[in-house]
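Each of the next two complexes has chain A plus one more chain, namely chain B in the first and chain C in the second.
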Partner chain A sequence: MTEMSYLDGNMLDGPMRELFTVDLSSAMGRCENCGMTGSMASLHVYSNAPGLVARCPSCEQVMLRLVRGPDRAWLDMRGTTFLQVPMPMEQPFPGPL
Partner chain B sequence: MGIVSPGFQGRPRTQEPALPPGQYLTEDFPVLSAGPTPRVPLDTWEFVIAAENGSEHRWSWQELMALPQETPMVDIHCVTRWSKLGTNWQGVSLDTLLADVDTGAHFALAHSYGGYTTNLPLDDLRGGRAWVVHTFDGAPLPAEHGGPARLLVPHLYFWKSAKWVRGLRLKTMDEPGFWETAGYHDYGDPWREQRYQGD
Partner chain C sequence: MATSKPPRTANRWQVARLVERRVETRTAQTLVLEVPDWPGHLPGQHVDLRLTAPDGYQAARSYSIAGPVVDGPGGPRVEVTVQRVHDGEVSPYLIDVFGDGDPLEVRGPLGGWFIWRPEETAPVQLVAGGSGIVPLMAMIRARRAAGSKVPFRLIYSVRTPSDVIYADELRRRVRDDFGLDIAYVYTREAPEGWRGEPHRIGLADVNTHGWPPDLQPLTYVCGPTAFVETVADLLVGLGHPSRQVKTERFGPTG
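For the complex of A and B:
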């Protein structure tokens, strides 16, 4: 029997692009459990499962779950306190600044 | 067994009568996991049923082994669409474990070493339909498949058969578990193809 392995968080980029336009691999996230802030690309992603389960590389708690049904998707990020997404001012930005 | 192509003609393999809708047959035993594999030493392993009134029933590994053992041969169906027929297990019926538990609860939340949870109606754990199993095909259940012991509830999708099971919390109100809070069906009957919420 082989040990259950995981992928790095870069693999989330494609599935997350179905939901958002942000480049998740360049985003930072804070773990709700241990408080560590790091690149989302550094998460440990377990994909041999009914959905994608991304865990904090420090404490192994779940930071993100993404389930893709045939006509719907569910994103649970209760384990992520925030996402910090690069958003340079020179890019077109519709928000109130 | 060799690899057999279903070919280009004829009905797809999902039409085999022993299989629920949308499933395909596998001879393999795929390993699915939502996290790192817990390694639970037998001398510290325990199984705990906590009733809604706060009372607890505990079994050590030796106590579990001393209970009457059953050898269910059952078909299992994973929500990721594979099914495996005629699997052989050994373990203790939940009827045995629940026999002395005084409860009026209608629901159970199974919880595991490693933090996984899944919810089931308590009635589905009774009537000779659910076990805590420790042996697969005559050998100790490997950790990758949920050993030392996992829940076996073969009439529901296999995510309900919690690996590395540690106990049950009996509840008067249904409390969805790990996958049930992330889009998967609350009950998960493979014959009604209850994969996702609303199915």
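For the complex of A and C:
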């Protein structure tokens, strides 16, 4: 193979659901490098690595790395400035706990 | 029941069993899995399937769900269509070895992005490359099941006529599902009497058989990475906003 092929961020949902209770593939994230904001589902995911590497579709900056070991997981998101996660309309104003 | 069930979350692996198998093409089969604790799903979502070898080695792959959940005597049934990937690790096993009643693990439903909700009112265009038809077929089936009148257009690119997955059902649905149009693109061999030469999908196909951007359609493109890339670029070039063009790629593993 001359070029490494990638998948898209849709496939992150299963692996990320092991860590989070919400679907992160429909979350919006901003790339720390180029500032583009888009859905996590649109990231380019390279799975032919010891873990999953997700890159910005615009500038190819690594936005997320996820490595799963038998008894632990490593999540590196230093390439992502923020994640905006859709939430159910349960509590319009966050109140004190 | 004395024991309380664990919460129905998509992150739990649960054991499913094969209850039926349908041959779709030479290289694709639909596996009907009985999944006892299935919470329901939306068209376009996928599942992860995991196989465990006797030595403990595990392999997991994502597969699109092919249609609405079906109630069976032993519980909910979920259908996935598996395309054999040459030299793949999981798909040849599922097609050749995996047998009736055999267990495997399922996690899902997964994915909240590449989904179509039957209450949507915008026209829909679907563009499939090869087995990329599977999640789009789930949308076509859900549309009929929900009695939706939303107009659907499907452009389906295949190598040859015998590679069309769900061929009979698509023929029937074009006749019976009012408001569903289908155009085929053949890349290697076209059927007898076909006008034009086999070709890879191009601007003319998308322009002629899709919806114009003025109608603000929802677009779903699914297929191999290069196919999805090509089609998404064509659509954005025609003026479809990129956020309205949802894509799902699948890669060389399988």
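To be clear about the criterion, the second predicted complex is superposed on the first by the 88 of 97 C-alpha atoms of A that agree within 3 Å, B and C clash if a C-alpha of one lies under 4 Å from a C-alpha of the other, contacts with A are read in each partner's own complex, and residues count from 1 in each chain.
The criterion applied here is as follows: a residue touches a chain if its C-beta (ideal position, glycine included) is under 8 Å from a C-beta of that chain, and two chains touch if they have at least 3 such contacts.
Note that the structure is predicted; figures quoted are calculated from it, not measured.
Engineer: For the three-chain model obtained by superposing on chain A, do chain B and chain C clash or fit?
Structural biologist: Because the two structures are overlaid on the shared chain, the partners are seen to fit without clashing.
Engineer: Does the superposition put A:25 against chain B (first), chain C (second), both, or neither?
Structural biologist: second
Engineer: Contact-wise, after the overlay, does A:88 reach chain B, chain C, both or neither (first, second, both, neither)?
Structural biologist: In the superposed model, A:88 contacts neither chain B nor chain C.
Engineer: To the nearest 10 degrees, what angle do the lines from the C-alpha centre of chain A to those of chain B and chain C enclose?
Structural biologist: Reported to the nearest 10, the angle reads 100 degrees.
Engineer: If you stack the two complexes on chain A, which partner ends up touching A:13: first (chain B), second (chain C), both, or neither?
Structural biologist: It touches chain C, and chain B stays clear.
Engineer: Classify the contacts of A:74 with the two partner chains as first (chain B alone), second (chain C alone), both, or neither.
Structural biologist: first
Engineer: Is A:42 touching anything from chain B or chain C once the two structures are fitted on A? First, second, both or neither.
Structural biologist: second
Engineer: Report, in whole Å, the shortest distance between any C-alpha atom of chain B and any C-alpha atom of chain C after the two complexes are superposed.
Structural biologist: Comparing every C-alpha of chain B with every C-alpha of chain C, the smallest gap is 8 Å.
Engineer: Do any residues of chain A touch both chain B and chain C, and if so, which are they?
Structural biologist: Correct list for chain A: 1, 6, 48.
Engineer: Please name which positions on chain A make contact with chain B in the complex.
Structural biologist: 1-4, 6, 46, 48-51, 53, 55, 60-62, 65, 67, 69, 72-74, 76
Engineer: In the complex, go through chain C and note every residue touching chain A.
Structural biologist: Those residues of chain C that touch chain A are 9-11, 46, 48, 60, 62, 107-108, 110-114, 225, 228, 246-253.
Engineer: Okay, in this complex, where on chain A does chain C touch?
Structural biologist: 1, 5-11, 13-14, 17-18, 21, 23, 25-26, 39-42, 47-48, 86
Engineer: Name, in rising order, each residue of chain B that touches chain A in their complex.
Structural biologist: Listed in rising order, the residues are 30-37, 79-80, 115, 142-145, 159, 179, 181-184, 195-196.
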